[in-house]
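Report on one structure; see the data block that follows.
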């Protein structure tokens, strides 16, 4: 550990020892918060303009600062900027180089600002951008489902509850169920954006500032509709991060459910669908294998997204006001979740475009499993049998079929009438999968008329109609 | 395990064995979902009215059903209803007794309905009610902070970062920071309500129904502004539950932060505040103890609220469409979180009303810790010293004070000028806590003018002004 | 809230108000810690014996205490004991009634003891018992697998990676994989028991006691091989609870994997196995359904077990020494996990006894999917082709088969030789499932010789051989 | 996305498209699993030696392989090895370069091995090393506590429950409480090592191999006392990872408790201790601040360690046998936890060496807060007052003191006798902190005799006595 007799830190005035190198390495965040450079610079520019507007810096100082920051941004983007861990974080790295570039004007940039309000500003700018980006990726994924729903419109498949064949449904209906899920995810992110989109700058370290700043000006510059109402709250609030992570948690959980289905559908047992070779991988030892790695990985990645949510909740638990250094631990989970969710959505969208369903297998699968038993019960209801009795009658018919290795469609009218004498010739209209599907013609149902309407609505929503 | 030759279950038609008693006990949910009886009955009444409206049951059957359900509700509320575990859940318990009461009409109630859409309806009705209730409790808690802010308006205390004294702030400013936190919690629950407030009924088991139902009628009856758009999604969607649990997670985390502060403030070391004896407990062995058990428990209960969130996320991970029995595991975590958050908010509100601050101690605490160092730096900035240099100058002054066991206010003008010759007589106006506080007079700052405005705004919001 | 002028609590000497009823209700634990009554009484008896031994109470006082406690235990077991929430917890409820029964002798029981060391003693006694019980249930479950392995010894099924058919394996090998998993769970619980099995009594509230107690005597009485070494640690240590919850987390995760397989195997698509009707349930609307509810519920219950682990970790995070009331939140998660894991293991064991595999379907399933491709590659290795080349050759053969809708076994020798000229007549010995299985005759492999050995070892371990 | 007409992957034989670049990037693990290079190479060398021993490769091929692998290891360590993402992972990257270096011998290395058994071997070798390393770091930290305990032996401080002053304890006793906690952490890691330390190699993809391998030879080469008993279990078992993560979770939770105390102790309100400047940082805006960033960060990092545990549990939930690609998600959480825990322990150990306690403040703190009230109660017990009555008497005395702003030591004998007439002159011996501490002279207690013994035991354990 290094142990000079004096600190060389920007905050080192009162310190009598240099920071230990182990402590420096342990507390540095530059290796991950460098990702915020664009947002930090954008925030600093807006702050500097305000300082000039209220007279805390001169017009020429402002120009120097803006030019310096623009230069730094360019250097970072061209990888010529040298990040220095001993400067701790992105804020200090940029400010230090700015001072080297433009001298005294640079030393004025941090006027009326603290890293406490600066870092939450950066995170808000970052998450505003990423939330909007993820909303876009969700729309892309929705388009994938809508396109499959359109392509296979009319194709019937088994619908499942408890992983048992339950009732026949349209494949397009199944696809549009995912459209709905991801729609809610977009809504949640939009709601979260209302709470992300608040300017914290001007809160200082915790108490505001005694300098005559203009927060509304900065808010307008940065496109924030609101400024934070309480400086102590503003520097310790990480709600927007938890809310974002929770919204992303649900996205990835939705993806895990979809992935599970893709893994099942592409198994030999189901053989409902095939994923294009370009999204599969093989085995280092078993030459015949074609594995659905992408959905497996996406399913598995729900672990880290849930883990990241817990991470930040755990960090916040029991922290007193206001800023505590623990809060630095909010960033890596956010970055990891942003990357994971963005990449998962992107890969899944691509994969959907390479997904093909096996029409024959699906059709065949709807012919077994007594999936129209409910239709038969509802047929009896329309013949005025109370539902509970109808359910019992059909249960017996199914038991008879199982015992005799038959499907309901294999029964003769006479056999059927053995279970209830209200059954007539018209019963055969409801025992087939197609009749079953199309009879469910109430809003949200799987009849082709309903699904077509839902599909058109989805296409309109997505602007592809 | 019991093992009759035939099932006596309402769904038992095709079964050749009675359910094993171990399986029955393991899968029964009646011991916890009985809590949903009011919502289940309300849903059934609306459903029955619709069945009558579309002609699936007669007017007289409707009357019998409504009367029977009203009777059942009264019996449950007067504890004379006998819940039977072998009937599995609240839905079957009520339906079975209804049939016993009104016969064949009762057997028609389940027409065009499945437990899959029924249970999510019940949960939506329940969470709508509870969300609104919790929003009310949050308002009550906010009133507690507002009253404390009003009572102690003007009192200065140390503001902390890193648990180190940082800058003096108004106690009222600190109280209003919590007002803001809990305000966001209300917003989040309100947003969540948009997604709770959707009618799933009519989705059947997963595919809708072939019977001619009127979902909009049911939605109007139950006050739902929206009906679900996809039957498969509707029966497998638990998003609204996760979103509710995540919103509650943040509420309890906020409470844990507040609790931590209460525990600190009532320690001998801080002695900032005292909790009324009626909210404290003693020790079975140490006669002198007066312990802040309520905030400790509330802080600890953040564990279960976070745990409940994880529970449901874990349940959902990797589940294929549509309903799977795993989803039954959504209820206990929700009930536990509703209870925990409601009780914690109630107890905390009461406790705030019995909280008193020690004016002397707080005042004294603001006199040490160099908390106006930033003011001195900003004083220098106004004398045209770049902030970074100002920071360094003050750092040296603080180091000098520490070495000589002085506070900044103890320094003579001459001593101060030794650090910077721009310092003049007017410096003493900024070195006192009161001047410091009131100088932070920009929006969101701690100056009394700002805090008074914020307080009035809060009072208006809460309808107590 | 009630608000008497004086406290009536056993610790109320210094209090000037009665506890608010809301606070009393909020902090009471008697509704859940009553479950510890046996352990609390056993601990108190051992403690009383020690007090008599060292002379802090008389022989006659001891007799009164023991008789009183025995009476209380009997009353609790016959449901005639009235638990009083205002007495907070199981410790105070028992002590209070003891005093009512035996007067002054009862008032001496709490000598040299605090609830802080008493409660952790109770939890340790409880978890020692439950850990041993769960180890027994794990053995029962293992027996289920061993019996299935024995029953179906020789039956071949597809082995999967990535849910794709990979290589043929013995069903018994698959069963014994679960034997291994649950064996590790037993080991983990046994290791955990070493840290549960430590006597905390004698630590007092946090600092020990000034009275002349004999901790070793109490340890012997209660069968603890060790006494805790540091009183402050002893009253704040909840490690053994976290460790137990983590071990149970893995048990339930193992059960979730097994459950997933049962759900898959009993789907129409797999049709590998059937669960006895008595462990399945039906549908309230679809008369044909037979659902694998037990494995679904067990899979879903992994959520709460993981949630409980997080709950306690979150509770502990950031707690200063020593006892804090937050620690009361350790109990419900433990009780819930004990119940969940015990019931899940019991139900799963029963279910295995009602599980039957479909020999025909399994056999048929091994005939497709190119599952002996690796055997062909290893055949080539033995003909001196480097493995990487062998893998490539077989990959091409598989691609050829897919294109021509053939299995490897359908290829003629000539066709095979088209891929590599080292292939000879003997190749057909390795292309069949049975040859494949039996060739994997190294330790841990799936050859019947290996599996038989493993099965015998397992039977010996379980004492059923 | 790239889309060549043929795959160039080692497993690409049956594939008709090249892997999409998005899929390649998404599934590549080389950017994190390169950390396993040493373990992968060690495993490959042992495997190759075995292949030679059983005759599957020649002695000269073995030499080429060993030389090639040694060369590769040197290249990686000197940063001259080029990792190629399109080769997916560390295994393929090394094998590919080996083949480039030594040709056909290299193509034989993967004989009788799959990445499925290889990757879990690598993780086991890695975690064996890291577990041992962390055990060493735990010992270092324990030494820190022991040294502080030794340095300050005899110094009394307040012991707390509920963050309220409870009873006086020796600072050394408090330090040794942490010794105990971290001792259990070492035990848990040692127990976990038993389950880490098992050779999985020879399990192949899932079913073993048909080639005549010698697993015991490999186990001996790599120092594994055990070989895995079931190939299917071996490739899907990640228990040892969860167990390791759970053990590390407790370590970091322990560190979070210690950190909380350090943050409290170094606050102005406590002023019990000071952390050397070199482990603190300052503020970018408040020149007077000296912040305890290291303990804050360590406390905050409990979030990620708990998050990582949840991540892997979530990944495993509901996965069917055997290997699924989801399992790739086990690595980053492990690496992150290893880094976090190792660095936190290292920094904390260093920090302890720079920690100094304020003897004056601690002494002063023990003089207020009625901390000897329990001693007074136990004094009464020895005068034959039943404990419950004694507790009540002292409670009243404390209430009297509070009302009159006195400490117990301020009371006159007459005043004391007003509460109980058994009180005599000798009472003053128990009312002082030192008498109180030393009276707790039973095993695990805080008397100096006990603490000295405990300290000596700890020093002996750590080999520093």
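General observations
We call the chains A, B, C and D, going by the order they appear; numbering starts again at 1 in every chain.
Following the convention adopted for this analysis, a contact is a pair of C-beta atoms (placed from the backbone, for glycine too) under 8 Å apart; a residue touches a chain by one contact, two chains touch by 3 or more.
As the structure is a prediction and not an experimental result, all values here were calculated from the model.
Contacts with chain A and chain D are shared by B, C.
Residue numbering shows that chain C and chain D use the same positions for more than half of their mutual interface.
Averaged C-alpha coordinates put the centre of chain C at 23 Å from the centre of chain D. In whole angstrom, the spacing between the mean C-alpha positions of chain B and chain C is 32.
Residues of chain C found to touch two or more other chains are 10-16, 110, 116, 161-163, 166-167, 204-205, 264, 282-293, 296, 299, 302, 306, 309-310, 313-314, 317-318, 324-325, 374, 391-395, 398. Within the complex formed with chain B, the chain C residues making contact are 1, 3, 7, 9-20, 22-23, 25-27, 88, 91-92, 110, 113-116, 204-205, 276-294, 296-297, 299-304, 306-315, 324-329, 332-333, 343-344, 346-347, 350-351.
Residue ranges of chain A in contact with chain C, taken from their complex: 158, 161-167, 263-264, 266-270, 282-293, 296, 310, 313-314, 317-318, 365, 368-371, 373-374, 376-377, 391-395, 397-398.
Of all residues in chain C, only 10-16, 56, 99, 104, 106-112, 116, 159-163, 166-169, 173-174, 176-181, 184, 187-188, 191, 194-195, 202-213, 215-216, 227-237, 239, 242-243, 246, 249-250, 253, 256-257, 259-261, 264, 299, 302, 306, 309-310, 313-314, 316-325, 374-375, 378, 381-382, 386-389, 391-396, 398-399, 402, 430, 436-437, 439-447, 450, 454, 457 touch chain D in the complex they form.
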